[in-house]
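Next up: some structures, all given as structure tokens.
Shared between the two complexes below is chain A, which has chain B as its partner in the first and chain C in the second.
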Partner chain A sequence: MSPDTASITAGRLGDVAGKKQPPRPRRPVRRLLGQHPIGIAFVTPYTVFLAVLAAYPILLALWISFHDFFFTAPGVDVPKPFVGLDNYADVLSDPLVRRSFVNIAIFLAINVPLTTIAALALAAVLNAVLPLRGFFRTAYYLPYVTASVAVVAVWLWLFSRDGLVNTILGHLAPQPSWLVNETLVMPLIALYVTWKQLGFFVVLYLAALQNIPRQLYESAAVDGAGRLRIWWSITVPSVRPATTLVVVLATIWGANLFTEPYLLTGSGGPNGASMSPVLIMYQKGIQQGKPDFAAALGFVLVAAVLALSLLNRRLLERE
Partner chain B sequence: MTTTHVPQSVAPEAATASSTTASAPAAIGKAARLLALSAGAFMFLFPFYYMVVGSLQTEPDSSPGGAVPDPGDLSLDNYAAINATVPLGRALLNSAIYTGGVVIMSVVVGALTGYALAQLRFRGREALFTVLILLQLVPFTLSLIPLYILIVRDYGLGDTYLGMILPGAVNATGVFIFRQFFLAIPADLFDAPRVDGASELQVLRYVALPLIRPALLTVVLVTFIGPWNDFLWPFLVTKDRHMQPLAVALANYISSQAGNADNPFGAILAGAVVLAAPVVLLFVLFQRHFSATNLSSGVKG
Partner chain C sequence: MKRKATILSGLLVGSLLLTACGGGGSAGGDSANAQRGPIKIWYANFEPEIKWAQQMIEAWNAEHPDQKITGQEVPAGKSSEEAVTAAIAAGNTPCLIFNGAQIATPDYQHMGGLVSLDSFPGAAEYIESRSGEKVAQQYKSPDGKYYQIPWKANPLMMFYNKDIFAKAGLDPDNPPLSTYQDFLSAARKVVAKGGAKYAIAPAPTNEFYQSFFDFYPLSVAESGGTLLVKDGKAQFNSDAGLQVANFWRTIYQEGLAPKDPVSTTTDPFAEGKVAIRSAGPWAISTYGKLHWGVVPVPTPNGMPANQTWTFADAKTISIYSSCKNRGTAWDVLKFATGEEQDGKFLEMTGEMPLRQGLPDKYPDYFAKNPSYMTFADQASRVAEVPFVPNSIGIWQTFRDAYVASVVFGKQDVTSAFDQAAQKVEQLAGEK
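Let's turn to the complex of A and B:
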């Protein structure tokens, strides 16, 4: 009935177009709540979830991190005094926390470049017309969709002291073995996570590669550009937004490492060489009853990741 | 093989492709690529093969010869062994209820929210969408401690299915996928039933949802993987062994057995196969639903 065609154009454009129309009779409810007030009812459940299970917990975490907070029985009201930045000071001066950040730095230094390069290379090869393409895509994707707990079990067996990898290596097997070796344990976990997540990033790059207009390649070929030249001048710059996403996501996922050190090395061993910040949050916050310390550590971690992501974005987008 | 290219190169579109003339270097390049891909695929698939082999060997054999199993040595003993410590039926039931709860919540709430965001004009729509994207940027780690305090300590929902499910209900993947699909439908299509007096809920149920049936399956599959594989959150919520999903029960078995038993790997691998099998099966059957756009829609918006 009403000239609703404007609403086909999505979002703000539709609203603007609506306002430009000659005034037509509108009920006051609609002027206040919009053209479809029922929409508010539709989004209410999710908005409540967001408020209660996402927004409020973050505010609560912030509050906890500035107070001397401890677990009490439900309903018991014990004063939890404001302690300013004490929790943050405790976090930053904790040697194990420092160790965990060094571990994550080692992890990211291996995982992020390896993931980016391997995913783009694999995607480029898969993008070419090949026999068995579907099979290869499935193969590379499988670890990503499988539970980490399940695949960790195989890696645990493969890299155990008498495992397949060491029996193949024979005398070359590292001493002490992989998972109890302070130098090798973090690189091994970084390799494991790269292997586990690579398929997701390959599919991300595949989508980006398919969006590159064919004409770009054709005109480059006409101009006589070589394969390497085409790769560096067309492919790599064209997928740069995807690269930014890959780097940022890999950094965030890596910084939140928990399951792998928890299961592969028996909670961050040997000697804290595979300790991760989230593992400390679990041990301190829940096992040892210091949620204030854990909450502050959470914010320190997020701040570090944010800073790193901004830096990465700058570097990637400046080139 | 090369002869199959000849008819293609006659086709007008294919004339632009670089492989019109199947010269020797191109063929070698193609073979090299295939070889490299196959080597890579072996690295990606071998652990899965090895998982199944190890789970069937009475005494998991970690010598290179053990990778090629002796048919006489295969048995289901390890499955019986893990089942004795971690009752698999109960653990699978817990996983199924936890996963099912999150999937149902994501589909119902996601369809309502995605439809409203895509097709309805109401006050606060843009604001809600902005908040939704902003909250996706906050890692789960930050809300880990307060959610534990709220759900387990304050509301006493530890060792309950509701306690496991609730944080999963905030998952925005469903909202984003539904919104994306509903945006693609012309708004005119919904005007006719509205004029006929259908309520907005009826429009959604009888007109909009049937149009996006593939999206429904996609949302179910993509949200299924999350809770089925999830470890950290259900691990915090469930201390009672009868309430633990399989991922948590198996992880506890791994951490209590590592270094304990002589050869605990057989039972661990049997548990791993049971945990991995449903997702692997779903993935292989419905592969095309796991595209990057669907999986990364939670990130890109």
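Let's turn to the complex of A and C:
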């Protein structure tokens, strides 16, 4: 309620009571800071934090994306002319950028559904009464909290040409091998990321599962519903808000893919087959001194992810 | 409500302005060059270099209590260049960094992050007399000034495993590795009979700097020191460049080198799985227990060792524009690259100071450590990466074409290199 609405309401109440009183003059400080000025003190640190570390960089990046910009030492004054949509045109005409978006589409098409289904299934199993439940919950969470560099080294060892997986597969091993196979490399990365992040999404689903009232299950059982029917008609719809969160988060994180093509496949190899937009942003913006190109690419990526996330919400949250 | 919004907006704008004003300025001009006082320096995160830097700082501080040096390793980042770029933009670089790379120097200069060393009296003469004019010229900016001093090199040569060579029936003391044909024939034998999984294992990945360790040393050897780009024109699509590329392509096609990315935490040469690797003198201490030998990089028809060029893999030192006590910085730079400290650097790290006549200057060291003598001799015939604008973009463009055509054979080498050359020349021409 705004201060103005509050005073009007107070005046009317005064009339109703039959004691018409002149409106109480309000002190200017109160008028400025509202009913509970202490609230401003509470929100200010986080507002400043957001302004400095989120809003300011985003606005600066947007400005950079429309200018011919490069980083300079403080005090160095160089012209940074407005170039309109030139940086965006450069981004969209770059074949490697286009390739990276196709790669990400392949990645998301595998990673998001796989993450959602596997996380829900595992959460349901881990929610049931089973021996060593605590151990299994920790085990699935472990890859999520393990440093990527260490885990990538293990996957390199597993999936290299002479690695454990190919040794087990023998003649069935793919040619060329996993990490240098243009067709298999993105699905492999999608599988790796699914495995690495699964623990986090399992926790989200576990929390959602524990909030489903037991009575629903009991009623369904009394009505004669089988396990599959209970799963499909009670569990899945009851965790729908968690599913939306899992899908949106998996999409956003997946679109920001960086570590795996950087470390696992040596800068987006083979031949750009695992290149991601964020890796190109890093190469152009940080390594090659082209932050204007990188900023424009960043906003193209933001627009794509935003559109995808909105679509996901529309599809998942409809009744 | 509107008022509250105004107050909040005011707070935001205020905080943004405070942030914007946070960067430091830099003192400029001759007065800054004469200014003396305490300075900060950064050095590489490499144990032998850390020890050398610490003794150098101690020696300087003992003599200059009013101009003390505070040293630290280059802050962590994906690469030193990334950390330095961020520091330049933030205005908090130290006065000196003992880990510069020529590939990044054009960008630092472009950012206004470096002090021209020519602004100190006698600087150009000092640099050229220390390193020799021919070597020093490679480190000069296209504007004719020095923004870095060539400090030390790790000339790339071919290490080989003598045990594997002997097992393959090759002479371990005089291995046939000087011509491309000999090299290929030896590579086939070490894989077929020597028990090596691969003959050689350069990283087959797309990082821009990987070409320093496969294509580039052979290219400068073949051309007698010609750089990747010269006078704005790409050189790698010349006959010499294509010959080098086709040599490597044969190696990949025949499975003599792996196409898979290799973990950075393992070294297949040290494990005896690979028979040959290109490396600088830093590797001598690493491969101490291995029975190894070292030869110059191959050329198409073979070349005497004393005429073969290679990639320098050098590091440089620069004075950064946020430095206030530049007079002290210049004095420290000369102290750290003087004859005495160069000798200590050689002794403690095994890397070659870029000083002419190295074997004659430190005869005792080379008498005691004959394995380093080969590298000392090679250090007088080294080529750096060219000093051109968009240097990293140029190398990335080249690397992408190389990996596609040479490693994976997805494209014909000539057409891939011609396409890359067009892009590279465009990048080299940008200001």
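Quick note on the criterion: the second predicted complex is superposed on the first by the 268 of 319 C-alpha atoms of A that agree within 3 Å, B and C clash if a C-alpha of one lies under 4 Å from a C-alpha of the other, contacts with A are read in each partner's own complex, and residues count from 1 in each chain.
Note that a contact is a pair of C-beta atoms (placed from the backbone, for glycine too) under 8 Å apart; a residue touches a chain by one contact, two chains touch by 3 or more.
This structure is a prediction, so every number in the text was calculated from the model and none was measured.
Once the two complexes are overlaid on the shared chain, A:Leu33 sits against chain B and chain C alike. Of the two partner chains, chain C is the only one that A:Gly269 touches; chain B does not reach it. Looking at the shared chain after the overlay, A:Val76 reaches chain C, while chain B stays out of its contact range.
In the superposition on chain A, contact is made by A:Leu122 with chain B only, not with chain C.
When the shared chain is aligned, chain B and chain C each come close enough to touch A:Asp162. When both complexes are overlaid on chain A, the residue A:Leu301 reaches chain B alone and has no touch with chain C.
In the superposition on chain A, A:Gln288 makes contact with chain C only, while chain B stays out of contact range.
Set side by side, chain B and chain C differ in how many residues of chain A they touch, and the one touching more is B.
When the two structures are aligned on the shared chain, A:Glu218 is found in touch with chain B, with no touch to chain C.
Touch criterion not met for A:Ser238: it reaches neither chain B nor chain C.
Overlap of the chain B and chain C contact sets on chain A: residues 32-34, 40, 47, 55-56, 71, 74, 153, 156-157, 160, 162, 266-267, 286. Only residues 1, 4-5, 7-8, 10-12, 14-15, 32-40, 42-43, 45-47, 49-50, 53-58, 60-61, 64, 71, 74, 122, 125-126, 128-132, 134-143, 145-158, 160, 162-164, 167-168, 195, 199-200, 203-204, 206-207, 214, 218, 221, 245, 249, 252, 255-256, 258-259, 262-263, 266-267, 278, 281-282, 285-286, 291, 294-295, 298-299, 301-302, 305 of chain A touch chain B when the two sit together in their complex. The touching residues of chain B, when paired with chain A in their complex, are 16, 18-19, 30, 33-34, 36-37, 40-41, 43-45, 47-48, 50-51, 54, 60, 62-64, 66-67, 109-110, 112-113, 115-118, 120-126, 128, 131-132, 135, 138-150, 153-154, 156, 166-167, 169-170, 175, 183, 186-188, 191, 195, 199-200, 225, 228-229, 231-232, 236, 247, 250-251, 254-255, 258-259, 265, 268-269, 271-273, 275-276, 279-280, 283-284, 287, 290-293, 295-296, 299-300.
Here chain C touches chain A in the complex through residues 1, 3-4, 7-8, 11-12, 15-16, 19, 23-26, 78-79, 81-82, 85, 88-91, 107, 110-113, 197, 203-208, 258-263, 265, 321-322, 390, 392-393, 396, 400, 403-404, 407-408, 410, going by the rule given at the top.
Put simply, chain A touches chain C in their complex at residues 2-3, 31-34, 40, 44, 47-48, 51-52, 55-56, 70-76, 78, 96, 153, 156-157, 160-162, 176-177, 179-180, 264-272, 283, 286-290.
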